[in-house]
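Labels A, B, C, D, E and F are assigned to the chains in the order they are written; within every chain, residues are numbered from 1.
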Amino acid sequence: MNLVPFKLLTIVATDAIEHRITKDLKSLGAKGYTRSEVEGEGIHGKHFSDWEGRNIKIETLVKEEVAIQIMEKLSSDYFGKYSIICFLSTVEVLRPERFA
Amino acid sequence: MNLVPFKLLTIVATDAIEHRITKDLKSLGAKGYTRSEVEGEGIHGKHFSDWEGRNIKIETLVKEEVAIQIMEKLSSDYFGKYSIICFLSTVEVLRPERFA
Amino acid sequence: MNLVPFKLLTIVATDAIEHRITKDLKSLGAKGYTRSEVEGEGIHGKHFSDWEGRNIKIETLVKEEVAIQIMEKLSSDYFGKYSIICFLSTVEVLRPERFA
Amino acid sequence: MVLAFVLGIIATLVRSDLKFPDSLYQSLTIYLLFAIGIKGGVKLSETHFEDVYKTAIGAIMMCSMIPIWSFLILKFVARFDHLNAAAMAAHFGSVSVVTFSQASVFLEQKGISFEGFMPAILAIMEIPAILVALYIASKEPGRQGGSRQQVLHELLTGKGNLLLIGGLVIGMLTGKKGFEQVNSFFEIPFKGILCLFLLEVGLVTGRRIPDIRQAGIKLVIFSLLIQILNGSIGVWLGIQTGLSIGGATLFGVLSASASYIAAPAAIRMALPEANPGYYLTASLAIAFPFNVTLGIPYYSYLATLFAN
Amino acid sequence: MVLAFVLGIIATLVRSDLKFPDSLYQSLTIYLLFAIGIKGGVKLSETHFEDVYKTAIGAIMMCSMIPIWSFLILKFVARFDHLNAAAMAAHFGSVSVVTFSQASVFLEQKGISFEGFMPAILAIMEIPAILVALYIASKEPGRQGGSRQQVLHELLTGKGNLLLIGGLVIGMLTGKKGFEQVNSFFEIPFKGILCLFLLEVGLVTGRRIPDIRQAGIKLVIFSLLIQILNGSIGVWLGIQTGLSIGGATLFGVLSASASYIAAPAAIRMALPEANPGYYLTASLAIAFPFNVTLGIPYYSYLATLFAN
Amino acid sequence: MVLAFVLGIIATLVRSDLKFPDSLYQSLTIYLLFAIGIKGGVKLSETHFEDVYKTAIGAIMMCSMIPIWSFLILKFVARFDHLNAAAMAAHFGSVSVVTFSQASVFLEQKGISFEGFMPAILAIMEIPAILVALYIASKEPGRQGGSRQQVLHELLTGKGNLLLIGGLVIGMLTGKKGFEQVNSFFEIPFKGILCLFLLEVGLVTGRRIPDIRQAGIKLVIFSLLIQILNGSIGVWLGIQTGLSIGGATLFGVLSASASYIAAPAAIRMALPEANPGYYLTASLAIAFPFNVTLGIPYYSYLATLFAN
């Protein structure tokens, strides 16, 4: 077992910007991501229906530098305007070459 | 990049108590949460259909004190009776003022 | 509050091997798991429809030894052949006896 | 149509990957409840109050008493513990919409007519039994109150009740003329959708079959006995309240059938400690298959007998 | 059918757990848009160009002007800020498919005929108003461009537009003969599905009602005023472009109705800072209920008036 | 109806956000398979064994041979590697339910009758080819066994097979009389639902188009060649086994069509190393569009030719 520390970046955002976010991820070097449809409540109220705009959750395993770059991109392009949050955690993976 | 450590509290519970849990979260100071529909198996058997009761997963980013208070509330009100588990992890967020 | 460190193992894989994975989890000692349907993109391309095969995400709270055993099993049986990734993180749980 | 149910069970037994998407199940439920409600409302709008009030009183009596005697039998004869006996009593007292639909299709095929207001009786019988059973459960020695208020609210506003009663009211207000507009949607595919629904119930029932073995023969025997008892009393009472043979059959079926929409949801919320291995198994894997196969013809036969 | 909408609102008010699965809502939308498109296309294939071009020009005029005057009223009379006024103007200028369907069912019931090409007019009116309103928004002092290109793309390829126009083209190419094959699927359940859809819209509207109080009486009054103004002008213009009474009624309804498929999606993407508490509330909780209850009969009455 | 398929492709090409909810797709599949099964079963119950057994044997022969010669061509002429050749052979040998439905609608429109038991032939042809191809794959030098047992189980209990065969049996048991009850649900909306389904297949096919370029012209040419070869032999064999012109057309279509329900699922599980860029692209983006547009009329023409 060769467990290597890696970063898991989780983004929850309105689905209006889903395609832009996944494009950003890829262009900044993420090798993959996992998405799911979620609902939520935050400072912009409830997001429980199509009219209110649904939320999507995107998780991507990346190297720390890539994570920082993605977060900077998200900050500058979407923060303040769109419903979006993100957070970073440390996990351990096998086969690190597959994610970087 | 001003990354600040924060707590991510994850709750997986039967949907019968979803509304009570989200009410608890808000009254104890959580500023938001993300929910999704999940299925699962645990010590109370399978939860794969509406008849068996589905599971929901609620994730909320909160300060450590709030996390502790929520967990205490969950312990006293639901643990032992309802199908519910929760766990706490440490993550890093941008814009911490938005979650506390 | 008696918070005990535990391991959260997350697996994202093609649904073709879902049943085999959950069987493996149980036989190696996991007391439960939570599953959800997700979509994703990785080195094997997009997984966004039934024809391409959907992804499922399985999360299980287990002791470190069990996590390692599961990962070894996944490595030997599925890695390299199937679309599958997994990662390990450290979380804190209440009532640890329920997960081990 | 029962064959679809059997196919569902077989699919689980051979461990098929056939799975209804959740939302298909939920959509079918919405359709079924709303369709039954509307159709019943239209019929109700053509019914005189005198024709229906006796049956309505009978229905309330029936579904308040069923949980009491079911509980007593389950606790003192079958020796289930207090909580599980109450949970099962709630299920036996409430009603099954699909069993009802299946019975009305059965009658139609046999050319036996029945009173159009029966869906209103179905709506009446959905909830009281659950409340009675929860009251019984709260009398368990050493048990504190719990939030009865909240459970009552959840029951009354549960989607089952809301769609049925909402449908009834809409049907009544619209009457025959209004209904004709949407008729093709709520009448024509009804049987086909019921067929798909039975397939899905079969899938879930199939998953419950191993639980039967675990729960033991006691559960099977008492579930069946109580079903037959309730159904027979129901048929008899139906005839007494002036129902036709078809109506009395349906009344018997309502009395016999066990709930699996309202009751499990209420029990999960109000009596989380009760074991679904008992109440769900009794309702889904024992009562339901019995009723849709042997039960319905039996109650129909009984109704003919009692009527003469 | 409006009763289904009322039931939806009641369900939310009593805090029922009734919830449409997302995919049911999405499936109903796909069905509704595609069915309207195809039916309109079939009718269009039987229409002469001379009969339709005047109305089409009227439609483009109407939906380019509505956002302008709506914006001016909202900003300078009602004193909403620039961005929110523009966002609301986008909604008022675009159209509501369900209101349109409800109106055509209303006319059918009253036995009033209307031009078959009206769904094509609906398709024409869906998008321009949003573009005009976004252009107005971009003129806010101190605002930089944003990706207008992308928004335009999203609008044109949005599922609403695609299914409507795709359906229209398919309907036109297939013509009456081809349509007969799928007719039973796209015609018969139409009203029933509309009924379910109204139930769902009612659920969402109910959730928006608290927002009305928060948004204040100002929002209510101006939303209604602008609706009635737009609708009345629409009816008048419809008559001028040579439409029948039924056609002019529909034209009025299209002008009055506020979008809630294309517009909210576009605003969320292009003007994320605008407050859904205003635009969604105005569209869903004020305009929609008004139009499907009082609005439609009023525009129909007006059309009769103007026609004579 | 093919237009709906084209609309789906266009939607992807213009990068529309039109997306079928998963559960709608799954629900449509369940409906389609079950409806075909039941209808076929009803017809089968009216068929004499002597009329069908020859075609059944022909079907088994056909779908055991197709993967063999397809594999040989793909490996030795087209020079694909062993595994991918086998995976594609599995797809070509199995059948496509939607192509079959589309063909039967085509024949109906042309007024060409066909044997009612053809859905049973469809059911027969779904699986054997996949097994043969998996066997071929396992013969790759240096490859160990794998769990053939499990794959066989998954194939037999896969939802495609289960719903088709379950439907067939239900249809046979119920017969014409029972079917009339649910007829309106399984007959009337059939074409409309097929239409929606084609829209969805179009969406997925559209997403695959870039893969065609990547996979190269070799994939396109050989997919088409093999399709046409299989279909032509199928039509000929159909006539030989005594089928009518309509029946032989369908037999040809079944032989030509490539699977995209059972086969991809089986290959994903049993040959995960095979590249979906080949097998899915060949099946969805090449074979399917060819068959529903040019293929069906061609096989129908060929059947007329061979019959005389």
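As a working rule, a contact is a pair of C-beta atoms (placed from the backbone, for glycine too) under 8 Å apart; a residue touches a chain by one contact, two chains touch by 3 or more.
Keep in mind that what you see is a predicted model, and the values were worked out from it rather than measured.
Although chain A and chain B share one sequence, what matters here is the overlap of their interface residues, and that overlap falls short of half of the numbers used.
Distance between chain centres (mean CA atoms), chain A to chain F: 39 Å.
Averaged C-alpha coordinates put the centre of chain B at 20 Å from the centre of chain C. The mean-CA centres of chain B and chain F are about 46 angstrom from one another, to the nearest whole unit. Residues of chain A found to touch two or more other chains are 36-37, 89. Multi-chain contact residues of chain D, defined as those touching 2 or more other chains: 21-23, 26-27, 188-189. Those chain pairs judged to touch are A-B, A-C, A-E, B-C, B-D, C-F, D-E, D-F, E-F.
Those residues of chain A lying in contact with chain B across their complex are 10, 12, 36-43, 55, 57, 68, 71-72, 75, 79, 85-89. On chain F, the positions that touch chain D within their shared complex are 21-23, 26-27, 30-31, 34, 153-154, 156-159, 162-163, 166, 169-170, 173-174, 178, 181-182, 184-186, 188-189.
Listing the residues of chain C that touch chain B in their complex gives 1, 3, 6, 8, 22, 31-36, 61, 89-95, 98-99.
Interface residues of chain E, counted against chain A in their complex, comprise 22, 25-26, 204, 207, 260, 264-265, 268-269, 272-273, 276-277, 280, 284. Note for the complex: chain A touches chain E at residues 14, 16-17, 37, 45-46, 48-54, 81-83.
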